[in-house]
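Below, chain A partners chain B and then partners chain C, in two separate complexes.
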Partner chain A sequence: MSKLIKRRQFIKGFARYSLGFALAGLLGFSLKKASNKQWVWQIDPFRCTSCGRCATHCVLNPSAVKALHGYDLCGFCDLCGGYYKPGHIARDTAAENLLCPTNALDRKFVEEPYYEYKVNEELCIGCAKCVAGCTAFGNGALHLQIKHDICSNCNECAIARVCPSDAIKRVPANKAYNIKGEFV
Partner chain B sequence: MNKKIKILLLFLLAAIIAVVVYDYTSTFPGKRPDSPFKYDIEESEKVDGSLISYFEVKRINLDNDDIHGFTYNNGKIYLIVDSFLQVVNTNGQELAKVALEQPAHSVSTVNGNNILVAFKDYLVLYNSKGEEIQRSDFIFENSDLTSVTVSKENIFVADAGSKQVLVFDSKLKKTGSFKGESGVSDHHGFILPSGYFSLTVNNEDELWVVNPGIHTIQHYAANGRLRRYWGKPSFGLDGFSGCCNPYFIAFLSDGSFVTSEKGLIRVKIHKPSGEFSSVVAAPAKFPGGSKAPAIAVDQYDNILLLDFDKKSIRFFEPKPDSINE
Partner chain C sequence: MKNFFITTFIIFFLASLASETSAQPQRFPMPEFQTEYQKPEASTSEPRAASMEYVDTLVLILVLAFTIWLIFFKRSRRWILWVSVFALLYFGFYRLGCICAVGSVQNITLALFGTGYFIPLTVLAFFAIPLLVALFAGRVFCSTACPLGVIQDLVIFKPTKLAPWVQKALGLFPFIYLGLAVLFAATATDFIICRYDPFVGIFRLGAELHMIVLGIGILLIGMFVARPYCRFICPYGALLRVFSKFSRFHLSITPKDCINCHLCKDSCPFDAIDKPTDEKEIKPDRRNLKKFITYALLIPVFVFVGGWLISGTHKTLAKAHPDVYLANLLVESPELMQDTDNVDIETFMASDRTLEMLIEDAVVIQNKFRYGGWFLGGFIGLVIGITLLGQAVYKKRTIYEANREKCYSCGRCMKYCPVGNEQEKVELLSQEKQITN
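Now for the complex of A and B:
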């Protein structure tokens, strides 16, 4: 008789503790999932050296890295260092005068002597030529960034691996864009 | 047969190890090949040595957090640093230090002894002991006085906030202003993309004002009438590039312009006509820098540069075989 009670008590106890552990585990798992941050890849534009590897090392083709324009930093120059290459023949939109290899920067007259430059994302390959020119000759308004609507968010970013200035880092998804100026 | 398979397997293993080691070592920083898209800015920074007419002879390092501006007169360097007006000799020895009520932007000497300091929206005149002599009224709410210069009859102040040149008399009373709108069809008022505005008076008592948005240096009469101008946008040495160059100007004794540019930092000399003459300091003199150095010229045409990035005053003397005439 006493042996039977002990066995029943053991089964009841086992069931209670198992349920308790299961619930605690479920709670812990739910809490962990709720507090678990999503991370995405971003370029620190102030560390970027415009080396051009974002265009050649991304697993996507064309790259998920695109040039962005911080308009509030831009001088709206006629002679734009990000648009024209050194030794250009004329300040017009002829291909031989342009720095961008894919003609991804659109130049539009605003008013004398201001010109607006807009990145055509469809054409941009993230080569950073415009970024290098804008940084060297202008205010650095043009800069590179990883676009999340294109990026595959690889576990190991192929560009981050070869970035010479270690400018590509994971950032919390709730702070998804690390940009210069007020990107519009 | 077994031996052949073993040799083949060993060969394959060696090949795999070689490929892995090569891949691993070839992607070390410094060993990676350049991207075919790399834009070699260093090519634009190169200057033919024969065009460089000055060489650096001395440097005074400044032990200050914020450096705002300087001027030179008769062996003394007047510095606006932190919240002080500091006077040092050309060896860096401190001759005077005056606490200012707030950080100022620009300084000029008046009649060799008095010191005129431009704060954000007003001017204060000090004597050589640092005692206040005169003070202007507050100018405009949006004023941002970035440069001040003194002629025989007037004090000219560049106000980057209101985008105009302000004219004061010796009592610091505002007597006029102009916005550089000359009425000339191919010209324009002052365009200041980055909020810096520079002006200075040359040895002929002529006021010259930088219009950085159109890469032009303009000579105005005190009433705002445009008399002459020169300048052209260019990535080359013959002009100015970027949105806001030249950033600072000064004059040599023969009326030549000394110009300083930001972005691709360089200091050049242009003849009084505006034609390029020579280079004082090539971009290689400012590695890692981002700010254009302020310029002062002494009585021997030596050039002093206030290097905001390196926090130092750098002295340049003409080369003995200088091409600058």
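Now for the complex of A and C:
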């Protein structure tokens, strides 16, 4: 009987060391492709087609994706393609004239004939309607970005999976934003 | 004179054209403000500090080390419970379910097979540390450090026993799930473990409806069938199971020698306590050896058949990849190319990629699935074969013991063991005496 127990113990020990070595080997191989950087998800604004899925597919509600205004590119237009609906009736703040469904874009008079536009992130849902308008009729200063104070940095970004133009990629956390104007 | 004007005009025109093409085309130039107006900065917010990831790793190591001490020395179920609640709050509700060891399997696979993905060292640590601990002390990770396990552990209400064959059969699923997850991650298709994580929606207090329903459903089932996700779904649990089987040390129900009092018999909600074997049952006769050899010889057959079957379905499996799906759709019904309601098709048609390029990519991915299918099927066959082989092995047991594969080291059984608690019992008795006096 003791012989049997000894044999069992030997097999167990052998299996234990084999598993240990297998784990070490796996770690060794993956260390080659390891980095001590932290990675976060971010949108490449030049690949983004403003399809609107960022608003609907984020695991968070409202989405961690917000419109971001690259002021370096902005023309401060009175007739803003990101603010007004094409064919709006009057140039005022009435909801039927505005593109943004949640009134998240604030318009402020600067000087004749310039206006400043500012995204209210509390209200923005990342639907990219203003982005599409600004890109089609203006300079393309408005673009979508993932806000990292909101994003829970999922192992696999739920929006990246459905993004039709593969615009969402992992970027190093020290360059966490692709802001149009600086980023080319 | 007239010629001079025309040439200068042409030169100016050309120069203006050249400047327009070289600079960023800006339809409305940035205005030069007359007032003191300063344009604001783009609003950005920094991600969580990178050093915090090391804190996560440290918390994991501390929780595991403390649990090991609780299991082997302090032997207290109540303490284990509190540590597990802390880990649930930290890894679950504070860290929102990401970073997690269960999903890290996919990151390792993607780093090894994919291109352009670099795995953070913390994810590597989250993958390796629980397995290493399992090799020395059993599935300690499951008992306290895993938020998915703890949330199920807390809702156990009236656990029922399942028939052994049901447990064996359902216990195969984690291995299939693990294999599928590795195949999907290796082909950069999807992270299915994360996508179908039933509890992450509860940690984040919001998810798609079907995931919330699944999560709550599993918790409801978990009231009567303890820890259903851990036992019959969890792919990382499948790995831990194998590592824990050969662990150097393991939780023991009794602190000293078992006196076979059966008090712990029904204490385990996970059916992880093995009874002493019936002497009459074990007869290591020739028939048993024959059974063992037959099953052992069947393993290569299972491996081959499994590989052949799964590899045969590679076209269906590959459709989970968005490129393959789109290519299939466009080849089968080319009229959809004009469909403006389908965002994927619309974006694809507007991009530089041609249908030929898409099909080429799709075929490469399909081939990956064909070869990967052989490995996945072979792996499933191997697991089934080894499970059958286990049926032909009899182990003699004289005491009640924790089953190293199934035991999560939750410590419930230790509470029921009367051995070594004499001191406490004497105190209790004397207290009772004082009350009666």
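We adopt the following convention: the second predicted complex is superposed on the first by the 146 of 184 C-alpha atoms of A that agree within 3 Å, B and C clash if a C-alpha of one lies under 4 Å from a C-alpha of the other, contacts with A are read in each partner's own complex, and residues count from 1 in each chain.
Here, a residue touches a chain if its C-beta (ideal position, glycine included) is under 8 Å from a C-beta of that chain, and two chains touch if they have at least 3 such contacts.
This one's a predicted model, so the numbers in the text were calculated from it and none came from an experiment.
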item: Contacts of A:132 with chain B and chain C, given as first, second, both or neither; value: first
item: First, second, both or neither for A:51, with chain B first and chain C second; value: both
item: Which superposed partner A:16 touches (first chain B, second chain C, both, neither); value: second
item: Partner chain(s) touched by A:101 [first = chain B, second = chain C, both, neither]; value: first
item: Touching partner for A:161 - first (chain B), second (chain C), both, neither; value: both
item: First, second, both or neither for A:76, with chain B first and chain C second; value: both
item: Winner by number of chain A residues touched, once chain B and chain C are compared; value: C
item: Chain B versus chain C as contact partner of A:59, first or second or both or neither; value: second
item: Shared contact residues on chain A - chain B and chain C; value: 51-53, 74-77, 138-139, 161-162, 164
item: Parts of chain A lying in touch with chain B, wherever the complex brings them together; value: 50-53, 55-56, 74-79, 81, 84, 86-87, 91, 99, 101, 112-113, 125, 127-129, 132-133, 135-139, 161-162, 164
item: Chain B residues touching chain A - in the complex, by the definition given at the top; value: 27, 29, 32, 34-39, 41, 43-44, 188, 191, 193-194, 213-215, 233-236, 241-244, 263-264
item: Interfacial residue positions of chain C with respect to chain A in the complex; value: 24, 26-31, 33-35, 37, 39-48, 50, 53, 96, 98-100, 103, 106-108, 111-112, 117-121, 124, 128, 131-132, 135, 190-191, 194-195, 200-201, 204, 206-207, 242-243, 245-248, 322, 343-344, 346-348, 350-351
item: Chain A residues touching chain C - in the complex, by the definition given at the top; value: 12, 15-16, 19-20, 23, 26-27, 29-31, 33-40, 49, 51-53, 59-61, 68-77, 110-111, 114, 116, 118-119, 121, 138-139, 145, 147-149, 151-156, 158, 161-162, 164-165, 170, 173, 176-177, 179, 181
